[in-house]
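Two complexes are shown next, each including subunit A; its partner changes from subunit B in the first to subunit C in the second.
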Partner chain A sequence: MDYSILQFLFFAEIIIFLIVVFSQMVKKNKNLVLFYLLQSTVVFLMLILISYSESSITLLVTAIIMFLVKVIIAPRFFLKLINNNQVKSSASSYLSTPVTLFVVMFIVIFANSSVFEVLISLSEKVDKTIPFAIASILSSIFLIINRRGALSQIIGILYLENSIISFAFLIEIKQTLVLELGILFDISVWIVIAVVFISMVYKNFGSLNISEIKKLQD
Partner chain B sequence: MEILILILTPAIAAISSFFVKRKQQVFLEYIILLATVIEFFTVAKIIYTVLENGSSSLAPYFFVDSLGAILLLIIAIVGFTASVYSIGYLRAEVKNGTIGFSRVRQYHILLHSFLFTMLFAVQVASPILMWVAVEATTLSTAFLISFYSKKTSIEAAWKYLVINSVGLLLAFLGTLIFLASISLHETIGGFVTWQDILLLSSSLNPAVIKIAFVFLLVGYGTKMGLVPMHTWLPDAHSKAPVPISSLLSGVLLNVALYSILRFKIVIDTSIDPQFTQNLMLFFGMISILFAGFMISVSQNYKRLLAYSSIEHMGLITLGFGFGGIGIYAALLHMVYHALTKSLLFLSAGNIFLKYNSTKIADVRGTLTALPITSILFIAGILSIIGMPPFGIFLTEFYILSAGISAHPIIVTFAIIGLAIAFVGFMKHISTMLFGEVPAGIINEEEHGLSISPLIMIVIILFCIGFVIPPFLQSLILNSVKLFS
Partner chain C sequence: MGLLLQKEFFILAGIFVLGSIGSLLFRRNNNMANWWANSCAALGSLFGILLSGNVLLYNNIYTLQLPLTFSLLPVNVKIDMLSAFFILIISVVSLLSSIYAIGYMRQFYKEYNLGLFGFFYNFFILSMILVASANNALYFLFVWEIMSLTSYFLVIFEHKHKESIKAGFLYFIMTHIATGGILLAFLILYSFLGSFDFDVIRENVSSLPSFWISIVSLLMLAGFGTKAGIIPLHIWLPKAHPAAPSQVSAIMSGVMIKTGILMLIRLFFDVIPITPLWFGLLIIIVGAISSLLGVLYAISEHDIKKLLAYHSVENIGIILLGVGSSLVFLSFDLKSLALLALVAALFHTMNHAIFKSLLFLGAGSVVLATRTRNIEEYGGLIKIMPQTALFFLVGAISISALPPFNGFVSEWLTFQALFLGVMQFDIFTKGVFIFGIASLALTGGLAAACFVKAFGITFLAKPRSQKSENAKESSLLLRLPMAVLSLACLALGVFSIFVIPYLESLAGSLSIFAGISLVLVEGITFHTQNNSSSLAIIPVLIALLLTFVFSFIFFNWISRRQKEKIYSTWDCGGNLTPRMEITATSFSRSIVMIFSGILKPTKQINREYDDSNIKYFTKSSTVSLRMNDLYNKYLYCPISNFVYKIANFLRRIQCGIVNFYLLYILITIVILLILVTR
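And now, the complex of A and B:
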């Protein structure tokens, strides 16, 4: 990979990370979905660029399918769900915004600590980029835990998935087309099922606020 | 060839079930019976091949060795009994007016899909495709957990979906880090199999695979129900229809453990096994202790069984953590636990159909109301708490004795956990068995389809408690060699 591609990967990873950070503060579900669309587009561009630099048709096919699933189909699903159920506002988070940002700051420091130093050795060319990928992964997990909204949790899981996929590109994991498609198929089925479940949760509980769903008692 | 049959049978059964019309409900029953019988005999053929040649494969995509064969055996037996039981269970639920035809068909399609994903996960030779299959089990079972469409079952399914998805994404990250630590791409060309990885294990980066194993253990450990990632398990197992609970508890948890063990086998060849063992000891011990306490305070008999699954998965993990004879005992314990838990959940299903409640407080006098089921239930309880002549007594003894000299504190804590669970079980079960049958409950046993699978499991459990069949003994001994 030449320098300009490495530089693009660096900025793309920063955008992926920042989208997760901003999503911690977003209140409207629609904005959350748009953020996901943006993040997925960045991951798609990363994949296109890598496929170009390596002249890989397999990666190009994967990128196109990824674009269809993550940039077109999944956001449409979510937006339709929001419009049909009139769930415009996302439920709040468990922690206040300042505390949330403090935790994110801690995550960034942790991602740059010696704990993950060994992962940088996987690809020395992107040693400055990998900590952002790790921070994105950890921040996505934090988002899932911190948000009360069912849709936020689903978007959080998809952020986590995007972060892991971008991390995989950085450390240059290559698999055959069958495997890539297997993973993509899994994710697209997962998105459909998640949307069905969100609808079921809303229909039964009249809310997407997870803290109100406490019918199960020991 | 047999591998292909085993993969295709549940897939074809699921598709065929989809096309069954309302007035042909009996065809769903024929399909499930035929499919599970074919699966059973195909597994028998695969085991025969594994014993003869050391492995059975459909190169390079599918591969079954002794360890995989043990898992296939568990899937085949528990899958068969759960399927036969499902017929009677669903008939009763339709008769009660709880569900209609479309729900029955949906159940059959999802059950076949569930079996398909588990069989695929165990046989596929690629770690990434194994992950895809394990993730697919989440997708097929989420709808089975929410089968009754009650608020509680939807909540349980939601928890299951979210927690397991996060866990499995961490397992995916672990798999990627693991694969990145070895330069496979040039030599193999993309499709990486366990055999390739084992051949190149000397080139693994020790520091990187340690991080990878942590993610893998946490990720697949979530699916396996290890504490503290277990929170979905009691809800999911208690809300799913009982035949599904028996599959979740007896088979799926073992499939998740199998995924961890596949990585452990490779990782232990390149770094000191103490690293993976210590992690497994930690998670195993806290799982036993926590589950023991929860069993003693549980108020719902299906949750009681679910916590017992956490306890026993902890015990099996502990066995692999101790190493040596502990591995042998842990593998044998996987078989005993799968059968016993299947027996208990299916018996619990008969109790549920009779009393229409899963609360221990609502169930009294089962010995009078359901005499045969109760006796079978008692047999299951005696087995699960580790009473002789059932095999769990022996495997628990072996597991704990494997660690007593090197890890006396862990063994002490494990014994405390097991003792608390023992007392908890005895307290709850005596409440359910004896006393006066509540008004409105008719003293009448369920029909043959709800009893015969249970009797079959008790007979198997009793027999293999006394004598371990030579083929099973060989499979276990050959599997132990993989870890050394």
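And now, the complex of A and C:
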């Protein structure tokens, strides 16, 4: 990989990370979906660039199918769900915005600590980029933990999946085409099930707030 | 020969699998399922006998490593002399129990699904055979778990009884705690030696630090000891064995608990034969306590199957006396004495399997005929079920270690091993051996007293209940296996002179005894280091026969001129009723009172009066005697309370909110990452 591609990967990874950070503060579900669309597009561009630099048809096919699933189908599903059920506003988070940002800061420090030296050493060419990927993964998990709304949790899981994929490509973990397609198929099925499940929960309980649903159980 | 063994092994496994699947297919027709399951189990067991016989007679070690296995579960089978010996015992008992089951299980046709029973029954027997032949710890744990699970389902077969479900639950918990201990021990071995393979462990075990050898030994003893039923880890045994159908009780008590003994022998004499002296002494103490307390609890028991289950604890104790003595002798490099003690343990293992399964099958026939397990409701069955009574008597004599039956010879050998220990060592070690001898002597006497009670109250005098009066002799399918086992009890006793050399060569096949022999000369006369002992079982038999014949002749001679007159028994002016007979409770009461310090009996008297205000005229009174369960009170209840408190505290973690569970995952990942990269 030449220097310009590495530069692009660096910036792409920063965008992926920043999207996760901004999502921590966003309250509207629609914006969350749009952020996801943007993040998926960046991951798609990353894959396209890597496939170009390695002249890999396999990666190209994977990238195109990923584009279809994550940039077109999944956001459409979610936007339709939001419009049909009028779930415009996402439920609040457990921590306030300043505390949330404080935790994210700790995550960034942790991602840059010596704990991950082994992972960073896996690919010396992108050693400055990998900490951002790790911070994206951990921040995505934190997003799922911090959010009360089921929809934002599901989108958080998709952020996590994007972060893991970008991290895997940075350290050059590549699978066979069949396996990559299998993973994408898995994700698309998961999105369909999650959306159906969410709409059923919303119809029955009138809320997607996890705490409220728990109270109904009692 | 190897190819022949391989064929036999696969045919054997195939028959059991066929038996299991076939039973499920016939689940809608209980009669077909019963015949299919038990016929396949019997046929499979027959192949088990052939397979083990082949190995034992020709000393062909059979090994098998399936090429298609994946690394996590390597199928590694090895049938050496020791494995073949246990497979032989498993197969013989399973064969006879399966024939018995064809007749016995008919009682359940209208109540339970025999297809499901047959499925688990066939897999249970197969898993025991696979356990005996495992040569890799992971593979062993896999088949061990199958054995535990299938036996659990057999214990709860009569699931309409709450007692069975409770017993099954206790068994499930205890067996998995045991498996946890065993797993931990193997993981420790793996962390040092880098392999689960028994052959690799055997080669490199000397590099294991002595501290870890002690830890592994203790974990193995606790794990396999729980399965074998040593005190105080036995609590599942008196509940689970009686809950299962009688032929399953026979297999569980006769052979399944022996898999624990097999593994103790396999590990401490073959795979890791470097245990310290204190460990051998500990096994002797555990054996002595188990044998003594086992028989004491048996004597106070009035449920016939529970009584027999407690005798299993006793006999496991006797086997452990032999195993422990052998380990102590090995620590002092007295190999021929160690060989003798191990032969005693192996012989008693075989004998116990034979007479205990005979007794359980006999008890099963009585329970089937009377529909009760309460001894107090039996009586007079010798007239109704004479053949069953005879078989039960043979079992009772054998387990009481009376000549010329098999139990006598193996206990005599155990005594010899213990006596030789007393002659060898320092005062402390001597003391442990003397404790073993004293407990074994007391156990023998108490076992005889217990079976006088069990046989006398069950078969003699008059029937004590309508159930006993209405009883009928068992069918041929039930009597035939009992007859074979009775003959085996006698044959193994009388012809022990031929059996012991076989057992000697079997124990001698373990590498630790290479080049060592007992120098057997004529019958059971053996010379060990500076010692010799002998037992002439055939002269003993002849002496017993002569005593019997002369007593008979003498009695007839002195009463030849007396005319026989039949009088009715003096009945104090009333009618003789079964209520006047001595009960099992009153029979055992004097012994229970002697050992009241251990058994802690409680007595509760309930009286009803004609007039509750004037308590002079009693309408009725009942006395109930119970034994305090010391293990529950002082061991298991405190542990259970402690666990309950911790669980209550930890419940707070279970808040029911998915976010918190994810937070736990994140914290765990972070901690693990820090630990890994530290």
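In this text, the second predicted complex is superposed on the first by the 214 of 218 C-alpha atoms of A that agree within 3 Å, B and C clash if a C-alpha of one lies under 4 Å from a C-alpha of the other, contacts with A are read in each partner's own complex, and residues count from 1 in each chain.
Keep this in mind: contacts are C-beta pairs under 8 Å (C-beta built on N, C-alpha and C of every residue); 3 or more make two chains touch, one makes a residue touch a chain.
Here the structure is a predicted model, which means the values were calculated and not measured.
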Have a look at subunit B and subunit C on subunit A after the superposition and call it: clash or fit. clash
For A:Phe110, using the defined touch cut-off, is the partner it touches subunit B, subunit C, both, or neither? Pick first, second, both or neither. second
Does subunit B (first) or subunit C (second) touch A:Val42, or do both, or does neither? neither
Using the superposition on chain A described above, determine whether A:Leu59 touches subunit B (first), subunit C (second), both, or neither. neither
May I ask you to decide whether A:Glu172 touches subunit B, subunit C, both, or neither, giving the answer as first, second, both or neither? first
A:Ile183 in the overlay: touching subunit B, subunit C, both, or neither? Say first, second, both or neither. first
So, A:Glu161: does it touch subunit B (first), subunit C (second), both, or neither? first
Quick one: classify A:Ala135 as touching subunit B (first), subunit C (second), both or neither. neither
Looking only at subunit A, is it subunit B or subunit C that touches more of its residues? B
Which partner does A:Val118 reach: the first (subunit B), the second (subunit C), both, or neither? both
Quick check on the superposed pair: does A:Phe205 touch subunit B, subunit C, both, or neither? Answer first, second, both or neither. first
Taking 166-174, 184-192 or 328-336 from subunit B, which overlaps subunit C after aligning chain A? 328-336
For subunit A, which residues lie in the overlap of the subunit B contacts and the subunit C contacts? 116, 118, 141, 144, 153, 214
The residues of subunit A that touch subunit B in their complex are 116, 118-119, 121-123, 137, 141, 144, 150, 153-154, 157, 160-161, 164, 167-168, 171-176, 178-179, 182-183, 185-186, 189-190, 193-194, 197, 200-201, 204-205, 213-216, 218
List the residues on subunit B that touch subunit A in their complex, please. 126, 128-129, 132, 135-136, 139, 142-143, 146, 149, 151-152, 154-159, 161-162, 165-166, 169, 172-173, 176-177, 179-181, 185, 189-192, 205, 207-208, 211, 234-235, 239, 294, 297-300, 303
How about subunit A: which of its residues touch subunit C in the complex? 94, 110, 114-118, 138, 141-142, 144-148, 153, 210-211, 214, 217
Report the residues of subunit C in contact with subunit A in the complex, numbered from low to high. 656-660, 662-663, 665-666, 670, 673-674, 677
